[in-house]
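Below is one structure, written out as structure tokens; the observations come after it.
By written order: A, B and C. Residues from 1 in each chain.
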Amino acid sequence: MRQRSLVILTSVLTTGALTLTACGSRDSGSKSDSSSTTLTIGVDAPLSGENSTTGLGIQYGVQIAVDDANKNNWVPGVKFKIKALDDKAQPATGQSNATAFTGQKDVVGAVGPLNSGVAQSMQQVFASANMVEISPSNTNPALTQGKDWATSKTRPYKTYFRTATTDALQGAFAADYAYNGLKKKKAFVVDDKQTYGAGLAGIFNSAFKKLGGSIAGTDHVNTGDTDFSSLVTKIKNSGADLLYYGGQYDESEKITKQLKGAGVKIPLFGGDGMFATTYIQTAGKAAEGDLATSVGVPADTLPAAKQFIATYKAKGYKGDYGAYGAYAYDAATAIIKAVKAVKDANGDKLPASNDLRSKVVDAVQKSDFEGISGKVAFDEYGDTTNKQLTVYQVANGAWKAVKTGTFNGS
Amino acid sequence: MSGIGPVESVDSPELDGSYDVIGGDAPRLTDRWHALPPRARRAALAAGAVAVVAAGAVLLPPHPRADPAPPVPWPANVTEWRYVGLAQTTDSPTTTGYFRFAVTVDGGPPVAVRVIGAAFDGLTAQAVPEPSFTVRVGATRRITVQISVSDCSGLPLNADLAFLDVTLRNTRAIQHHSFIFGSNYSKDLSQLLHRACDTTKARPGPRPSGSAGSQNVDLS
Amino acid sequence: MNTLPQQLANGLLLGSMYGLIAIGYTMVYGIVQLINFAHGEIFMTGAFGALTVYAYILPDGTSMVVAVPLMLIGGGIVSVVVAVGAERFAYRPLRQAPRLAPLITAIGLSLSLQELVRNFYPGADKARSFPSLDGNHDIGSVTISDADIFLVIAAIICMSGLAWFVRKSRTGRAMQATAQDPDTAQLMGIDTNRIIVIAFAIGGFFAAVAAVSYGLKYGNIDYRMGFLMGLKAFTAAVMGGIGNIYGAMLGGVVLGVAETLASAYISKIPGMEQLGGSSWANVWAFCLLILVLLFRPQGLLGERVADRA
């Protein structure tokens, strides 16, 4: 009798196992019928050291987009993976990363970088390889609209796009909120001399003066500085009622702490570069009341972003998705959708590597879909058409949206 | 020997348990199994097989779950404003201007809009004739906003980017939102500011009556 | 309001911190002619040692009056252990090697210490908050915080203690002898290895004092904090005359004051607007170093080089 029981037990197990394998093979069978190719999406951002909190948010934003594309089979027969390179916020490193991406045959496009200064060094590399580059966070206007963007706009590189809006808008939005919202009339403007920081501070400076405010003084700091006591004394003595800082959280979190520590109780106002949870963690109580503008509307008002945030938290990814995670997701999605458009237009086959790259550039230009940060489409300069901004203020140890705005140029 | 399955042939005579791979320590379970009547055994087997198949079908493939109904969007994310141009008016005082906008709502329930200001303390703005109005999904509503200069001091005459502050309300939330417009609106607004403030630089203009507008709110 | 007194105070405070770290460079150089480029990282590990005491050992809500001395001890132990360990395992095996070998070892050690802290200390890859002393005091037109007072008192105690130790104590005199001529000192019965270890330990402890003041003053520390501070302190040591402990302190103060005044006032000189501001502080500090070295190559208080063998 025992033998029989064994036979039955074994057959039940085998049936179960076969059923399971059948399910599995049905799943993979549907994918393998059009021989699967794997394309790589490059990610360039600072992943260690300075700015890495926001940089990692970009890397994992792209990771989630690629996982979604593979899971939902967005492009049948094509799998995507990411290759993330650390640019350490250094232009030279960014440039060599760009060269690495363009040299690798299966890389179809790149998301990044975080810093506008790094972007400047990478644009040319991507342009000559005819490879698309979409930055989720660069805000310097010159990157898409040329050096003389204020007077005559010309697009320098047709391979460069961005899902974030520009500082021309961000600086003006901040100036308006400082002058009309906070009723501040005298601002002290400090920047870190980087492409992003100096550009933003300059735009704030002129916008604030145009509105009728006065500039109590200006100064510059170096990235990596830690002692700001001399600067704090100058600000204190200038009688400013607001400090505007163009730069990243790495320095501003220290400046605000030393400023409040010296008894100067004026808010520090900055741009998207300091909109990160790290800023509040490091500066602690001193951050209370400080402000930052950031591109886009708050992620928690975007229903589509909820899933993204839930996934990000569930996977326990490092970094901060708050500022650019959703934009990085949309940038990667734009590349993936462009690959699909190219494949569909080419009789359901992927063109050869070089041809694919240049066709993807054209397809990205024509992007038009609902991303998780809103509508994703690019204008004739490669700028996003979705121009929304938010002012955040630190209240009870967290960034709270206090005002949102939408730009419509027409 | 590869992998699974009993090592010994099924009816091997020397079955003393030492070669038993699967059920070495489970004679009691099998005994209990044999105590069951054959029908119950068959029924249990069938039920087990069905359960395994069902579990496999439900759990294994990336099941395309039906999307839940999309939640109600926040009003600022679906409302679009476009500047259309100056309204043709004949009898406006020098301190008041009428600006026409097209408002579109892309999704969700209707959005109630109220214009609350034009950034500066010295400017008042409201939609005329009704200060608040509702825009349905898919519709574009053209409205007129009356902007009056009440205090020239502290007003920049040549602002680059001009703001219009509104509250947007739908069943999801009430949001304060700024709409920022490009050069056309800024130019028209700064013309108004010049007209109102160049001559009367020191003297604040009179507060507008507010009902002077004769514009209709129309749907198109 | 006249900002000069406040800016001078800022410079003095910054300079005292440079000086405390510079002691470590100068003592080691004075005795073994080695530029210990890992000293900035010894400073950094001291800060993390002190943070460990505060964050993981002391119960929450410990009064700072109790916590600060314990943090000093904790940071001091870590810094001294790292400094002595570096001497024993990295530098001593290379004592007879060509000059370049220990120098490169120092750079390698510096990078390894940074990466060790970055990878293995929780949260060290970005700024970690450090308990700060925030109370402010107004003295005339000068505002200084409790952390500044701690720094000044600590610097004065450390410096006078060191001066007494080197001049009066038996070990201190042995140290001077070793600095003058290690071989002869050894022949006279001085255990030079012990003297070298003591020099590293004193430098490490002073770095820990500076690190605790740094944390209390700025309120956050990170794994890169040692690089720039180490470089500045090395500059201070060279400016004051490397090998001379009073020179290290003087060099630190001169450097700190020069930096602060340059960032505060150079932009006010007509025609110099472009060359002023906080971002130019380092440029002026190093210009000053070049000037000092041009006119006094041995440093402000340095001995003439010919005296050395």
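Operating definition for what follows: a residue touches a chain if its C-beta (ideal position, glycine included) is under 8 Å from a C-beta of that chain, and two chains touch if they have at least 3 such contacts.
Everything numeric here is computed off the predicted structure, so don't read it as measured data.
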Taking each chain's centre as the mean of its C-alpha atoms, which one lies nearest the mean of all protein C-alpha atoms here? A
By mean C-alpha coordinates, which chain is most distant from subunit B? C
Maximum inter-chain contact count - chain pair: A-B
Measure off the straight-line distance from the CA centroid of subunit A to the CA centroid of subunit B, and report it in whole Å. 20
When the centre of a chain is set as the mean of its C-alpha atoms, what distance in Å lies between subunit B and subunit C? 55
At what distance in angstrom does the C-alpha mean of subunit C lie from that of subunit A? 39
Out of subunit C, which residues touch more than one other chain, so two or more? none
Specify, in ascending order, the residues of subunit B that touch 2 or more different other chains. none
Mind listing the subunit A positions that touch subunit C in their complex? 48-49, 52-53, 190, 193, 218-222, 224-231, 233-234, 237, 250, 253-254, 257-258, 261-263, 278, 281-284, 286
Taking the complex as given, what residues does subunit A use to touch subunit B? 1-3, 5-10, 12, 15-16, 19-20, 22-24, 26-27, 71-72, 169, 172-173, 176, 180, 207, 210-212, 297, 301-303, 374, 387-388, 403-410
The subunit B residues in contact with subunit A across the complex are 5-6, 10-11, 15, 22-23, 27, 30, 33-34, 45, 48-49, 52-53, 56-57, 60-62, 70-71, 73-74, 76-77, 80-83, 119-121, 154-156, 158-161, 163, 173, 175-184
Over in the complex, which subunit C residues touch subunit A? Could you list them? 1, 3, 6-7, 10-11, 13-14, 118, 125-129, 132, 134, 136, 143, 145, 218-220, 224-225, 228-229, 259-260, 263-264, 277-279, 281-282
